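By letter and in written order, the chains are A, B, C and D; residue numbering begins at 1 in each of them.
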Amino acid sequence: MLKDVQAQQDVRHIPLKHVGIKDLKWPLVLKDPKRGEQHSVAVVQLSVDLPKEQRGTHMSRFVECLKELGGVRPSDLEKFLDNLKEKLGARSAMVKLNFPYFVTKKAPVSGIESYLDVECHFRAEKGEKFVLDLGVDVPVHTLCPCSKEISKYGAHNQRAWARMTVRSQKPIWIEELVEMAEKGASSPLFSLLKRPDEKFVTEEAYENPRFVEDAVRDIALQLNADSRIDWYSVTVESQESIHNHNAFATVEKGEE
Amino acid sequence: MLKDVQAQQDVRHIPLKHVGIKDLKWPLVLKDPKRGEQHSVAVVQLSVDLPKEQRGTHMSRFVECLKELGGVRPSDLEKFLDNLKEKLGARSAMVKLNFPYFVTKKAPVSGIESYLDVECHFRAEKGEKFVLDLGVDVPVHTLCPCSKEISKYGAHNQRAWARMTVRSQKPIWIEELVEMAEKGASSPLFSLLKRPDEKFVTEEAYENPRFVEDAVRDIALQLNADSRIDWYSVTVESQESIHNHNAFATVEKGEE
Amino acid sequence: MLKDVQAQQDVRHIPLKHVGIKDLKWPLVLKDPKRGEQHSVAVVQLSVDLPKEQRGTHMSRFVECLKELGGVRPSDLEKFLDNLKEKLGARSAMVKLNFPYFVTKKAPVSGIESYLDVECHFRAEKGEKFVLDLGVDVPVHTLCPCSKEISKYGAHNQRAWARMTVRSQKPIWIEELVEMAEKGASSPLFSLLKRPDEKFVTEEAYENPRFVEDAVRDIALQLNADSRIDWYSVTVESQESIHNHNAFATVEKGEE
Amino acid sequence: MLKDVQAQQDVRHIPLKHVGIKDLKWPLVLKDPKRGEQHSVAVVQLSVDLPKEQRGTHMSRFVECLKELGGVRPSDLEKFLDNLKEKLGARSAMVKLNFPYFVTKKAPVSGIESYLDVECHFRAEKGEKFVLDLGVDVPVHTLCPCSKEISKYGAHNQRAWARMTVRSQKPIWIEELVEMAEKGASSPLFSLLKRPDEKFVTEEAYENPRFVEDAVRDIALQLNADSRIDWYSVTVESQESIHNHNAFATVEKGEE
């Protein structure tokens, strides 16, 4: 019988907020409203608290619990955290899953379908109560209102990201957040555009100039209007095409 | 006279928590307790708040203020933020500087000097009052107590990082935090070790096995004993050499 | 009818070696010898040559061809490149797919199954003839022979990567390359090990010390003995646990 | 006396192309044509060949040689490699230094000075003869000729990179390559622009639309006209603002 060093008593009397594993890659199956399910690859972080009396946690049990998880639906994560807490004798547990997700989109004129990849995360924590955050980094297009206003022709524009994290007790589809992000921007992005589509997107962006300040507020207005959302934080960050640095703007809503 | 689009009135009535620039690379001169000063290259983030009535901020003024900063001493950052607030008509301002810093170290037996690179950051914010955080990611060595205990010989060990952020009103040298991190680990790292040094470091680590839970607590004990430090967060993360994922443990101290 | 600007004649008379797209994320289905198939997410690069008379290529056709690809088997890539060449009127075409792949492994004593993630790539090019490279970055464990020899006890060890690229006309499974990498190292890695497994792996590594120079040669010997392989390049890179930098060694075989 | 394990005879008879260290951060002093010198922080790779009879190289000597290097001038790198070869008993040696470099630039209308950061590298190798490559990744602005041509107003534009590597026996300033890259693009980038500058840059880009194919050819024409340059490879890569993937085009010149 090999000695359980982790179970030793600790005399330093310092409780740990988090102890666990991170940067573990793991296959993931997600619910997809159009196709039923979607496969992805997640980077996983799992942790529990550790009371001040115990020397260490049992790291291998995190991976054992993950093996049992199977397909990931956000609604299953509370049960998963309860299981982690029990297996590790902890009072709180946390899981974070970062993964790319593909949204199917139609080009605006030709109607040709293609994917848009969106970096997403679920972060769930269970101490006394269960808290679930859904995050998406939606790539969008912003065109500068100042550059348009002051220039004879043209306006600098660029790829930008709407980085949204929302907290809710109710189900929210990634696709819903992507749509809000795109409405707040000068134009959406697409992986496949034919010439009539490119004309459409170029003109649409020119007709809808947006500072990062504008885009983040237009997204916040939509989130404010959604009664399912208890809290959110949104940052729009644009890779300014006339600079080698980025511009950003952040709105946060207090939890209610 | 070109129109000032940013100065337009905004009717969406959504105040912005942060608006500014990020991912700007900039040369930096830092105070070095041994060599007087040290040059580095920072990644800079600068932001202010934006009241709900104003459409946009004036992004170019951030870079103008940065040009005037010159050499960076943490004690100068409050004045810098006051300047940002004034130039941008804001109630709060924030600066974050991430940069590599070189600590000069002597090999434990041969005494040969070389550098250890440490990723650092300053994060300063000024609303009503001034808050300054200093962060360091110190690379260290951890050797697993469980692996040592249960194995006939050997023990898995690996590179790890002690990621420390401390809040203080008083000056703290990067070198002081590096020393705390190294005392908490199984052994320090060096860029240059001759064979007698390698023997010393190997045996020292074997004699001082540390879980990430141990290392983070041993660092926390030192931070608790330092009366200058008002708040801290420490994570020790080890790149487990028997897994393709990392283990981590976090302690946070409440602000007093 | 919108003008085809790309089709214009170019007077600069400079042929382009590659023109195309990169950093496109795309879902991927791969053959898996144990489970039939495996889903992953690839980062895709596609390109063709461009003759000196033509101004530009038609970028949207790359994504159109990719949409038709469906599940990826290396043996299908030649047909895919022929299709690219035809659609884009080119004399040569190239595809590179980088993706994580999960190998199922059993812990050495307990026999518990878990995944090991391996970063892989296919790179195929078709000009006159078809050339296909398969690359894998296998995470392994190396233990330093010098540190073991000179120290009273212990030996520094660390996570390392065996980065192998092989060229072949015949099918080679990712699993076969992973096995060669692990045989060349001090020990394999696992995502899930119980205490008896950890004891086994610790002792196995101590009994099989390997410099990066040793590991790369032991892998090269296996590749030399495999008659399917026309060319290879192997680098073993270890994240030295006593330094904050890496050690590496590279062997390349001439094409025959 | 501690045993020299690396010096043992190797019976596997496999010569190593490269063996050495990488990912070592190190402070760097560079020549700057305007300011005399410029400080930066490099990521360093150093290697030598290893004959088939020898088990390992002596890794600590790489760092010892680097300590002696002091300020880096490309013209000093041959002597540095000769030193590496001698200290490590090798027939060939290689050094690669990657570092950010700041070019001082004036805004086009206001004339205000600021920095542009450029990622650079030196790669030098000495076997029989000395070969030195200088690489720069210059951030620039490209505006799409197709989007301009087919749209009623506006045109999508974006940040792009001109990634140039040139081989020469004669000194070439980083500033010279930056100038070529900027001439080949739709417009240069600046870290500080006031409104009249932003108007200028926006209009200049609209008047100079460039596909990546155009930009890379316009840079190649300049490199072809420079008699100091023996070989080059140039890739222009643009972060397409209407897609979430990049476009790229590459020209390579044969060595003469």
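Please note the rule applied: contacts are C-beta pairs under 8 Å (C-beta built on N, C-alpha and C of every residue); 3 or more make two chains touch, one makes a residue touch a chain.
These numbers come from a predicted model, not from an experiment.
Undergrad: Measuring between Cα centroids, what's the chain most distant from subunit B?
TA: C
Undergrad: Could you label the subunit B-subunit C interface same or different, taking same to mean over half of its residue numbers are used by both chains?
TA: Same, since over half the interface numbering is common to both chains.
Undergrad: If you average the CA atoms of subunit B and of subunit C, how far apart do the two points sit, in angstrom?
TA: Chain centres of subunit B and subunit C, defined by C-alpha means, are spaced 34 Å apart.
Undergrad: Could you state the distance in Å from the CA-based centre of subunit A to that of subunit C?
TA: Here the centre of subunit C sits 28 Å away from the centre of subunit A.
Undergrad: Could you grab the centroid distance between subunit A and subunit B? Build each centroid from C-alpha atoms only and quote it in angstrom.
TA: Going by mean C-alpha positions, subunit A sits 25 Å from subunit B.
Undergrad: Could you check subunit B for residues that touch two or more other chains and list them?
TA: 2, 24-25, 117, 146, 150, 191, 193, 195, 199, 243-245
Undergrad: Can you tell me, using the touch rule above, whether these chains form a line, ring, star, complete graph or other shape?
TA: complete
Undergrad: How about subunit C: which of its residues touch subunit A in the complex?
TA: Against subunit A, the touching part of subunit C is residues 2, 4, 24-27, 38-41, 60, 63-64, 67, 100, 102, 114-115, 117, 191-196, 199.
Undergrad: Please give the residue numbers of subunit A that touch subunit B in the complex, ascending.
TA: The contact residues of subunit A facing subunit B are 2-3, 5-6, 10, 12, 14-25, 44, 47, 50, 55-57, 59, 145-146, 149-150, 211-214, 216-218, 220-221, 235, 237, 244-252.
Undergrad: Mind listing the subunit A positions that touch subunit D in their complex?
TA: Those residues of subunit A that touch subunit D are 116-117, 139, 141, 143, 146-147, 150-159, 187, 189-191, 193, 195, 198-199, 201-203, 205-206, 239-245.
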